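Next, two complexes with subunit A in common: one pairs it with subunit B, the other with subunit C.
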Partner chain A sequence: MATLSLKDIRKSFAGIEVIHGVDLSVKDGELVVFVGPSGCGKSTLLRLIAGLDRPTSGTIELDGRDVTGVNAADRGLAMVFQSYALYPHMTVRQNLSFGLENTRMPKAEIARRVDEAGRMLEIGELMNRRPTQLSGGQRQRVAIGRAIVREPSAFLLDEPLSNLDAELRVTMRAELAQLHERLATTMIYVTHDQVEAMTLADRIVVLRGGRIEQVDTPLGLYNQPANLFVAGFIGAPNMNLFPATARDGQAELPGGLRIDTGPGAARDGKVTIGIRPQHMHLAEAGEQTLEGRVELVERLGAETVVHAVTAEGTTFVTVLAGQPEVAMGDTLHVTPDRGQVHVFDADGQRVARD
Partner chain B sequence: MVTAPLTLLARIVDPPLRLWQRWTGLNGMAAFFLLPNMAIFGVFVLIPLALNFVYSTTAGTNILLRDRSYVGAEQYARLLDCANYLEPLTCREDQFWTAASNTLVFVIFQVSLMIAVSLITALILNREIRGRSFFRAVFFFPVLLSPVVVGLIWKWILQRQGLLNLMMVNLGLEPEVWLNDRFYSFVATIGVSTWAHMGFYTLILLAGLQAIPKDLYEAAEMDATPPTRVFRRITLPLLGPNLAVVLVLALIRGVQIFDEVFVLTGGGPGTSTLYLTQYIYEVGFASLLRNPGLAAAASIVMGAVLVVLTLAQLSLSRRSERAGER
Partner chain C sequence: MSNMTIRQFVGQRRGHGGRWHWTDIATWIWLIGGTILMFGPALWLVMSSFKSPAQLAEFPPTLLPYAQETVMVEGYDDPLPLYTARLEDGTTAELAEIRRIGTNSQMVDPADPGTRIDVNIADRTPIRSIGFATGNYVEPLVANDFPRFLWNSVFVTVMATLITLLTNSMAAFALSKYRFRGRDAVMLLIVATLMVPLSVILVPLYSVVNFTGLLNSLWGVILPTVATPTGVFLLRQYMLTIPDELLEAARMDHASEWQIYWRIVLPLAAPALAVLAIFSVVWRWNDFLWPLIVLSRRELYTLQVGLNSYAGELNVQWHYILAMTVVTMIPVVLVFVFLQRFITTGIAGAGIK
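Presenting the complex of A and B:
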C-alpha cells in the first residue's frame, strides 16, 4: 500500500531534457495508467519511480517519505518488465523465489508465497519448467508472479501486454483488472494502447514530449479533453477537428453548420471545433447539417464507419449505429449532438461553452 | 556486349561442373565446392598428421623416409618407459617427462590466471567507464603482435640489464636476475603468455556479457540482489557457454605454448621452463642426436591428450547446456 507523489520531476540524458517538470500524486490503491505516443517519456518516468534512473531534479515521495536518492532495492516496489526479464537458466519456482531469497526470508515462508502466487496466477503446474518452455502468456504470468510474491507497496508495469497477441492481450487485461481488484495495491501501468488505458485505469495520465497533458478518469478524458492533443489521442476513430473562425460566439463549419463557441475566450478569432465520430447522427428534415461526399464505408455490423469529405475538402469520420443505407459517392447529411461538441481556442486549449 | 565476358567464363567454368554433376548428382555439388578448402586442409593438416604417425614408427637421424627403419611402437615404449611417472628422472626419456610435468603445472596456473584476468577485464570493460573504447583496443593490441615480438619485448624488459632492473636500480632497489631464476622465469612465462593472449579471451567474454539482456540486471536490482549474488547466479551461468569456449581454447593453446617462451627463456634456466612443444622441437630438429621418430611419437601423445581434454570439456559443456534447457 503506498501513495506516490512526484514534484517537479525533470530528467536529462546527455544534456537533453526529456522530462520537463512533472507533478503527479497517486492515491493509495489506485491504478494509474501512463499513456502517450512513443518517446513521450512514460517509460522514463516509470524508471524514475522505480529507482532504476535518477531524476536530474525534483523529488519523488512514497508514503510521504522522500525516496529520490534511495536505491531501487530499498523502495519496496516491484516491476514487471516489457520483456518479462525472466532468468532463462532458472525454473519458474527459482524465478519466483530468487528475489525473496535476497531478504533472508525463511524457506517455508518463501515456499508458501510462491505456491500462493502459483495458485492465484494458475501457474502451479509450471513450477519446474524454464521460461523457454513457456508460452508468451505463461511467461507474462510468471513475470507478474515474481512481482506479487514480494508483496510490494506498489507495482510498476512497463507495457506488460505489448508482446502478446491480440486475443491473449484481451484475456490478460481482464486478469490484470481482477488482480488489482483482489490485491488493492497501488499500480502504475505504462502503455501506448489507449484501449488498455481506458479499460484498466482509475485515472489516466496522458503524456506528450515529457510533459503531462491531462490527468483524469477515463471518461473524464473522453468527455472533457483538456486540449487538442488529448482530444485526438483518446477515442477511436479519432475526434473530427474542424478549423473555424468564431464571430460573436458563433463559428461556422464547412457547409454552413453553426456552432456556439460560448462567451469566453473563443468568442472571436480562430477556433477548432471537435466532434467525435460517435456523436453525429443522420440529419432529419429541418436540422442544420454537415454535408460531405462519402469516400469509404466500413460496415462492422453493429455500427457503420463512414468517411466523408466536405465541399471545402475537409475530411471527417462518423460512426452510425446499425447498418444504414450509405454508399460510396452518396452525399451524407449528418448533425452533431449539440451537447457533445468540443471547442478549442487558438492555442488548442479546451474552452468552456457555458 | 555485356554478356561476352560471361560467355567466355562459362566456357571455362561449365564443363568441369557439368562433368562433376553427371558423376555425382546434385548432392555431390556440395563436395565440389568444399573441395578447394579440403585440399588445403588435407595438404597442410591431414597428410602431415598421417606422415607424423608414420615417422613415429621409424627410427634413425635421417629425415628421408627411405633412410629410416621401421621399429613399430618402440618410440612410444621409449617415451613411456618410466620407473616412477611422478619422478621424471627415473624415466628413460627424462626430458619428455620434465617437459610434460612443466607443461601441466604451466597449464594449470596459466589457464586459471588467463580466465580470471580475462573475466575481470571483460567485466570492467562491460561497464560504462570513461575511455571504454580506448581500453578495449589497448587490451586487444598484444593479440596482434607476433609471438616472437612479444618474447623479445619482454626479454628487453626482464633481462639482466633490462628495463625492469633499470627502474629498480633507479628506485634504489637491488636488481634481480629474473630470467636466470627458476621460479621467476617460470612466472614470467605464465605472465607474458597471459598478457599476449588475454585480449582475445576478453573479447569472447565481453561478447558473452553484452549478450545478457540488461533487463535481467534491472530485475535483480529491483529484487535487492547483492552484487556478488548477481554475479554468481546471473552473470556466471549465462556466461557459461562463452567460458567453456575460453577454457577449451586456453587449454589447447597452453599445452602448445612455444614461441614466446622459446624467445624469452629458451626453456631455461636448466629445464625449468622447458615445455612439451619445445622438447619436441629440440628432439626432432635442434639437438645433435636428433630423433625425428621420437619427436613424432611425443607429438602424437600430446595430440591425444589434447583430444581427450577437448572432448571431455565439450561433453561437459553440452551436458550443462542441456541442463540449462531443461
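Presenting the complex of A and C:
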C-alpha cells in the first residue's frame, strides 16, 4: 500500500533533458497508466520511480517519505519488465524465490509465498521448468509472479503485454485487471496502447516529449481532452480535427455547419473543431450539415466506417451505426451529435463553452 | 533427412543421379588431406611411443610398432631373437641368433640346440609381429619422477585456470556492466598488452618473481600468468550480450553487486567461461619457457620441463620422450572433449523474449 508523489522531476541524459519537470501524485491502491507515443519519457519516468535511474532534480516520495536517494531494492517496489527479464538459468521456482532469498527470509515463508503466487497465477505445474520451456503468456505470468511474491507496496509494469500476440494480450489484460482488484495495491503501468490504458486505468497520465499533457480518468480524457494532442491520441478511430476561423464566437465548417466557439479565447481567430467519428449521424432534413465526398466505405456489419474529404481537402472519418446506404463518390451529409463538439483555440488548448 | 543412415549421409554427392561432381572430388581430397595433416603427426607419435629404441632408429620407419619374436633355447639364459634364415642348400628355416660376429651370425635351431649354424647377416630376416613396448610408459611412470611432474603440472594448471576464470570474469564484469570514467581507456590498455610477447617481459618478470620470493615455487609459475588480456576481452565481449534488464531485475530483487556477479552473470557467461577454461588449461599445461625459468629444483618440475630432462647433452631417450608426450597430451584432449559442447550451447538471452 503506497501513495506516490513526484515533485518537479527532471532527467537529463548526457546533457539533454528528456523529462521536463513532472509533478504527479498517485493515491493508495490506484492503477495509474502512463501512456504516450514512443520517446515520450514514460519508461524513463517509471525507471526513476523504480530507482533504477536517478532524477537530475526533483523529489520522489513514497508514503510521504523522500526516497529520491534510496536504492531500487530498498524502495519496496516490484517491477515487471517489458522483456520479463526472467533469469534464464533458473527454474520458475528459483526465479520467484531469488528476491526473497536475498532478504534472508525463512525458507518456509518463501515456499508459502511462492506456492500462493503459483496458485494465483496458475503456474503451479511449471515450477520446475526453465523460462525457455515456457510460452510467452506463461513467462508473462512468471514475471508477474516474481513481483507478487515480494508483496511490494506498489507494482511498476513496463509495457508488460507488448510481447504477447493480440489474443493473449486481451486475456492477460483482463487478468491484470482482476489481479489489481484482488491485491488492491498501487500499480503504475506503462503502455503505448491506448486500449490497454482505457480499459485498465483508474487514471491515465498522457505524456508527450517529457511533459504531462493531461491526467484524468479514462472517460474524462475521452469526453474532455485538454488539448489537441490528447484529443487526437485517445479514441479510435482518431478524432476528426477541422481547422476553422472564428468570428464573433462562430466558426463555419464546410457544408455550412456553424459551431459556437464560446465567448472566451476562441471568440475570434484560428480555432480547431474536433468531432469524434462516433459522434456524427447522417443529417436529417433541416439540420445543419458537414459535407464531404465519400472516398472509402468499410462495412463492419454492426457499424460502417466512412472516410470522406471536404471541399477544402480535410479528410474525416465517421462511424455510422448499422448499414446505411453510402457508396464511394457520394456526397455525404452528416451532423454532429449535440454537445459532442470540441473546440480548441489557436494554441491547441480546449475551450470551455459552458 | 533425419532418418538418413551414416552411409547415406557420407555418400551424399552434389552431382545428380549418384554421379560425381568435381566439387565432390575436391571436397573429399580436401577433407582426407586435412585429416592426414591434422591427425597424422598425432597418430605417428602414439604409434612411435610403443616402439623400442632399436626400432625407433630403424630406417625406413614403420607406422606400426613391431617387436621381434624371441624363443627360449636350452642352454641359454636369455631369450634369443628368431630369424628366418636362408641356408646354404637353398632351404629356409626358423633359427635363433646367439651372437653376431662381423657379417656372420651364429645361429641355432631351437629344436636342436647342440648344432651351431653360421649364416651371413644378409641371408636372415627377423621374424616380427605387432607388439607394444609398454615399458616406454611403465618405466618412467614407476622409476622416475614422472608422477611428481604430473602432480606439479596438474596443480599449476588447475590453480592457474581457476584463478584466471575468477579474476578475468570479475574484470570483464566491471568493464562490461558498469559505466565509469576511463573504462574504455582501461579496456584499451588491457587489450594492448596482447601485443607484448612473453620474451619481451621475461627479464623484468623474473626480477619481480625473484623479489617476491616466488622463485622455485609453483606459485611463481601460476601467479604471473593468471591475468590474460585474451580472457578479459573474450569474457567482456560475451557479457555485453547479457541483457542489462536481467541485472536490473536482480537489483530490484535485493541482490548485492556480488550476488549479481556470482548468481546471474557468471552462470550466464558459462559458454565463454568454458572456452576460456579450455584455453587456459591448454596454455598452462603446455607452458614450457616460463616454468623452465622459475623452477630449477627437479622435484618442482612440471611435465614439460620434466620431458626436457630426458633429452641429455649426449643421449636423447626418444622412446621415453615419445611415451611421456602421449601421456602429457591426454588431459588436454580430455578437457577439450568434455568442454567443447559448452562452446556451442548459448543459454543467455533465452529468458528475454
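Basically, the second predicted complex is superposed on the first by the 354 of 354 C-alpha atoms of A that agree within 3 Å, B and C clash if a C-alpha of one lies under 4 Å from a C-alpha of the other, contacts with A are read in each partner's own complex, and residues count from 1 in each chain.
FYI, a contact is a pair of C-beta atoms (placed from the backbone, for glycine too) under 8 Å apart; a residue touches a chain by one contact, two chains touch by 3 or more.
These numbers were taken from a predicted model, which means no experiment stands behind them.
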item	value
Superposition on subunit A - do subunit B and subunit C clash or fit	clash
Which superposed partner A:Y87 touches (first subunit B, second subunit C, both, neither)	both
Which of subunit B and subunit C A:P131 touches, first, second, both or neither	second
Partner chain in contact with A:A154 - subunit B first, subunit C second, else both or neither	neither
Contact breadth on subunit A, by residue count: subunit C or subunit B	C
Partner chain in contact with A:I49 - subunit B first, subunit C second, else both or neither	neither
Touched partner set for A:N163, first subunit B, second subunit C, both or neither	second
Listed stretches 3-11, 111-119 or 237-245 of subunit C, narrowed to the one that overlaps subunit B	237-245
Set intersection of subunit A contacts, subunit C complex versus subunit B complex	50, 52, 71-73, 77-79, 81, 83, 85, 87-89, 98-99, 102-103, 130, 132, 146, 150
In the complex, subunit B residues that touch subunit A	213, 215-216, 218-226, 229, 233-234, 237-238, 324-326
Subunit A contact footprint on subunit C (complex, rising order)	243, 245-246, 248-256, 259, 263-264, 267-268, 270, 347-353
Subunit B contact footprint on subunit A (complex, rising order)	50, 52, 71-74, 77-79, 81, 83, 85, 87-89, 98-99, 102-103, 130, 132, 146, 150
Subunit A to subunit C touching residues, read off their complex	50, 52, 71-73, 77-79, 81-89, 98-99, 102-103, 130-132, 136, 139, 146, 150, 163
